[in-house]
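Each structure below appears as structure tokens.
One chain, subunit A, appears in both complexes that follow, with subunit B as partner in the first and subunit C in the second.
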Partner chain A sequence: MSTPKREAYDVVVIGAGPAGLAAAATAAEAGLSTLLLDENAGPGGQVFRAIASTPVTERAQLGADYWVGADLVKAVRASGAEIIQRATVWSLDRHIEIGVSVGGVSAFVKARRVILATGALERPFPIPGWTLPGVMTAGAAQTMLKSSALVPDGRTVIAGQGPLLWLLAAQILRLGGRIGRILDTTERRNYLAALPHAFAFLTSPYFAKGLALMREVRAKVPVVSGVGELSAAGDGQLATVTYLAGGRRETMQADLLLLHQGVVPNVNLAMAAGVEHRWDESQLCWSPVLDQNGNSSIDGIAIAGDGAGIGGAGAAVFRGYIAARAAVEALVPASAAKLTPMAELRTGLVHAERGRAFLDTLFRPAPQFRIPSGDTVVCRCEEVTAKDILEAVAIGATGPNQLKAYRRTGMGPCQGRLCGLTVTELMAEARGKSPQEIGYYRLRAPVKPITLAELAAVAKTEDDVKAVVRG
Partner chain B sequence: MTKRVDAIVVGGGIHGCSTALHLCLAGMEPVLIEKDYAGRHASGVNAGGVRQLARHIPEIPLSIRSMGIWERIEDLLDDDCSFESHGQVLVAENQAELEVCRSRVAELNALGLTHEELIDAAELKRLVPAVADTCPGGVVSRRDGAANPAQTTTAFRRKAATLGATVCEGVAASNIRQLDGFWHVDVGADSFAAPVLVNAAGAWAGQIAASLGEPVPVETVAPMLMITSRVPHFIDPVVILRGRKLSFKQFANGTVLIGGGHLATPYQDRNETVLDWRSLAVSARTVFELFPVMRGATIVRAWAGIEARMKDDLPVLGPSARHKGLYHQFGFSLHGFQLGPGAGAVMAELIVNGGTQTRIGDLGIDRFHPSTL
Partner chain C sequence: MFKRSDQDKRPSVQIFVDGAAIAAREGDTVSAALLASGRDVRRATAVSGAPRLPYCMMGVCFDCLVTIDGVGNRQGCLVPVAEGMQVEIQKGKREIGR
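Now for the complex of A and B:
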């Protein structure tokens, strides 16, 4: 494990999920000096997590889609791209300089093009009690499952909605885990709203797989539909989950509550670099403003994969190919001829994105699960509640950045990852404005914390730095 | 439609907000025009140092005036601004630096100024136990401290609005002109007219002064800061170094702010800055050497605010040398936050009374002649 071999590359790809793997392989195959930086121990991102190391050997347990990742990894390893795992990119700016930490040592690299493939984050799910030990996100549970084959065995409740929720439930069951109940928070009116998109969905790759997954899970776990209220309680540890469905309120004992209501683009690095973002009303999140090749508002920075707007793993692969092909066309036009033609890639992307509008509409999270009230915690780092934020609005806080002057929301270690969307929507509702008008935290590097000692060690003379790089 | 007011203040930093507030206290009805929101730039994102220590002599009277206001800031603003007074300490890292400190304090004493006190290694260690043992002493200004800059600027704006100031945020002042003895300023579709115009536009003030025929030697800079995760309480006063660029402060919540004047690249037209991590690394190394207790802390965030720096590092404060009714209040050159409360009070006196008891004669715009540009 070491810092990058060179000071400058043609292309640096950040993130080795589906989009990043596809992009890095394409750029390197075309002869561009390519560096792939990834934060995890192995390639794959979240969807193909631990693809090269998982202890799960029975292929059916994680599903056929998971193993597609193995081919992408093989391609990038054969492509000549320099790949560094456990590399945390903590800074990127409009001069296309990247600050990266590997094994506790930081270095700066320059690139002619950067392709950000930083993927998605789980949407915050701020219900009463969501910060109790024993409540975690479905994504965190899936990480443990894929990398260590760990499954919950206590009284487990899964609550929320969306494709990942059903996939996780199926994976837990296949690995021998137990689930006491699934609380489905999908709003009934969404089924009607999604109807116009149903044809595209029925003919999409999602349909058959999704239906099979839900049938598989429902055969083994009681599912409560139409859950309209949800809270967790316990004294220092989760003890009960209370929900309202069909006019009936019920409280059940639970050791583990897994929450999930979809994913949103992980925009922190792109925003910190200064890339322009817009509020996406259909996906209820911030998405970067991109052209059809994934190029952002900053010359030299492109974005592919779910970080460009949620499209799923299949679409991410095509977006990765497209962004990399565009980089090749710009930097070494002669080499582009041997790559898959752009038109073919775009057709592939359209096919992969089919059914997305249906999913976005059906699984649009209900307002009460996005915009909390009263004593429900919004910002975990600084323990700021919904009520605190509304009080600050009442005395003049107009947006997330102004709010910092009243409450330290977003200024803790997570830098807004866990509260940013909630704060924007809460303030928008309170002020009668759109989320676009309210805006988002101004994010700055380091996008992930680095130690003072590590930063101090960077402070060498230019000559020292060069000697190390060449040695 | 043109709205008549008593004064137009351009710029919603701590200076513009303070001036608007003090004009209200004097019975005037000002309008405050801010192109973004109050405290968006340097005033809201600076280190929050409330410092009389190590100031240029021409601005010491203003700093002392301001300190008096800071010490009763809650009475003025109904907000404590998180102001805390644990002193500020200038650390000498060697004997040569201590000698410079000694002659500085002697110079101030000769002028009758006593707020800076020379301290030896023992007193330094008492005030700042975590400092490296090799430091031979320094200077302390015991009434100094720090406040939360965004909270403070916001509190000035809020109190000014409460007392009758019209606050326009989100649209820039444009088409500034003088007609028949009145200053006219457009704000989007609205227009304001007043006999008094205060140019407190921070990094944008130089352009306004130049457009009104008073160009000054000013540049736009963006000093960088970074903040760490929480560490156990280990220091009370704000610490600055004599020889190297560093300022250092621990907040009540345990986070530590590291600054000192290393600069980012400003992109003023976009309201953006690009950080210079190699310079921040130098700051980190200085802290690493001076405060071993900080070595394991993590850097959570770094940023920079856009502001104006004059060629002579002194602010421009006072009436225009060319136009009746025009006043300048800008160019605070990386040390304007502490001066904000006092400068607003002084500016209101200049406007309302035509003069002030606070000695600011060396800060006028008339100190610049075409030959100095």
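Now for the complex of A and C:
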């Protein structure tokens, strides 16, 4: 584990998930000096997590879609790209200078182009009791399953909606884990709203796969549909889950509650760099403003994968190829000829995105699970409740940035990743504005915490010292 | 809360949690090893002292913060275990100098 070998690269790719693997391999194969930085111990991102090291040897248990990642890893390892794992990128600016921490040592590297492939994170699911030990995200359980072959044991409840929820449930069952009940929060009215998009979905690969997964899970686990209220309770540890469905309220004992209501772009690094984002009303999140090659509002910064707007792993791979090909065309046009033609990549992307509008509409999270009330914690780090935020609005807080001064929301270590969307939507509703008008936290480097000692130890030029030392 | 699958044949790695030895597996993150240990590994938050366990396991929620080999506020879900590693469960704020 060491810091980057060079001070400057043609292309730096940040994130080794589907998009980043595809982008780095393409750029390096075309002869560009390429650096791939990734925060995890091994490549794969979330979808292909632990693809090179998983202890799950029964391949069918994780599914064919997972093992696709192995080919991407093979390609990037053969491409000549420099790959650094456990590298935390904590800064990116409009001059395309990247601050990266590896093994407690920070360095700065320059790039002619940077491709952000920082992916997605799970949408906050702020219900009463979601901070209790024993409440985790579905993605968390899937991470443990893929990387350590750990499965839920004891009384487990999975609640929420979306494709990942069913995939996780099937994987847990295949590995011999137990699930007591699934609480489906999909709103009934969404089925009707999604109907206009049904044809594209029915003819997409999602349909057959989704149906098979749901059948597999329903054969073994009781599923409660139409869950409109959900809460967790316990004294310092999860003890019960309470839900309302079909007019009936039920409380059940639980050791583990796994929550999931879709994923949203991980915007922190892009926003801190100053990339323009807009509120996406169909996916209820912030998405960067990009051209068809993934180029952002900042010259030299492109975004590929779910960080560009949620499209899934298949689309992410194509977006990675497209962003990298565009970089090759700009930097070494002669080398572009040997890459897959752009038209072919765009056709592939369109195919991969088929069915997405249906999923977005069907699995649009219900308002009560996005915009909490009363004593429900919104900001997990600073322990700020919905009521606290509404009180701050009542005495003059106009948006997320003013709210920081009132309540410190978003100022804890997670830097708004777990509360930002909730704060925006909660304040928008309270003030009768749109999320776009309310805006988001102003994010700044370092986007991941580093120690002052590490920052102070970064190599300095004489000019750097002169800039801050008097005399 | 979690159990290991029988097909997991990775070598064992011994780490210490508040001085007590636990058996992890090579490639586990600190957080995964803690959750698999069956011990009470709840930290206490810096703000109110409320008990927490890891929530996201992917580096974004910071509810897995632990002291590893004397360095506080490490994200346990991003750090792989190593033989002999000393992990301390944080109770409240990170201490100055650690």
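The criterion applied here is as follows: the second predicted complex is superposed on the first by the 458 of 471 C-alpha atoms of A that agree within 3 Å, B and C clash if a C-alpha of one lies under 4 Å from a C-alpha of the other, contacts with A are read in each partner's own complex, and residues count from 1 in each chain.
Keep this in mind: a residue touches a chain if its C-beta (ideal position, glycine included) is under 8 Å from a C-beta of that chain, and two chains touch if they have at least 3 such contacts.
On a predicted model such as this, the values are computed, not experimentally measured, just so you know.
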item	value
Partner chain in contact with A:150 - subunit B first, subunit C second, else both or neither	second
Contacts of A:432 with subunit B and subunit C, given as first, second, both or neither	neither
Partner chain in contact with A:255 - subunit B first, subunit C second, else both or neither	second
First (subunit B), second (subunit C), both or neither touched by A:404	first
Subunit A residues touched by each partner, larger count belonging to subunit B or subunit C	C
Partner chain in contact with A:236 - subunit B first, subunit C second, else both or neither	second
First, second, both or neither for A:247, with subunit B first and subunit C second	neither
Partner chain in contact with A:413 - subunit B first, subunit C second, else both or neither	both
Partner chain(s) touched by A:449 [first = subunit B, second = subunit C, both, neither]	both
Interface residues of subunit A shared between complexes with subunit B and subunit C	412-413, 449
In the complex with subunit C, residue positions of subunit A that touch it	39-41, 46, 50, 53, 55-58, 86, 88, 121-122, 131-137, 139-141, 143-144, 147-154, 175-177, 236-237, 255-256, 266, 380-383, 412-414, 417-418, 449
Complex contact set, residues of subunit C against subunit A	1-10, 25, 27-29, 32, 35-36, 42, 45, 47-48, 50-63, 65, 73, 77-78, 80
Of subunit B, residues touching subunit A in the complex	37, 39-40, 44, 148, 150-151, 153-154, 157-158, 169, 227-229, 253, 270, 272, 274-275, 277-278, 280-282, 284-285, 287-288, 294-303
Residues of subunit A that touch subunit B when the two form their complex	91, 93-95, 97, 99, 108, 274, 395-396, 398-399, 401-402, 404-406, 408, 411-413, 415, 444-446, 449-453, 455-459
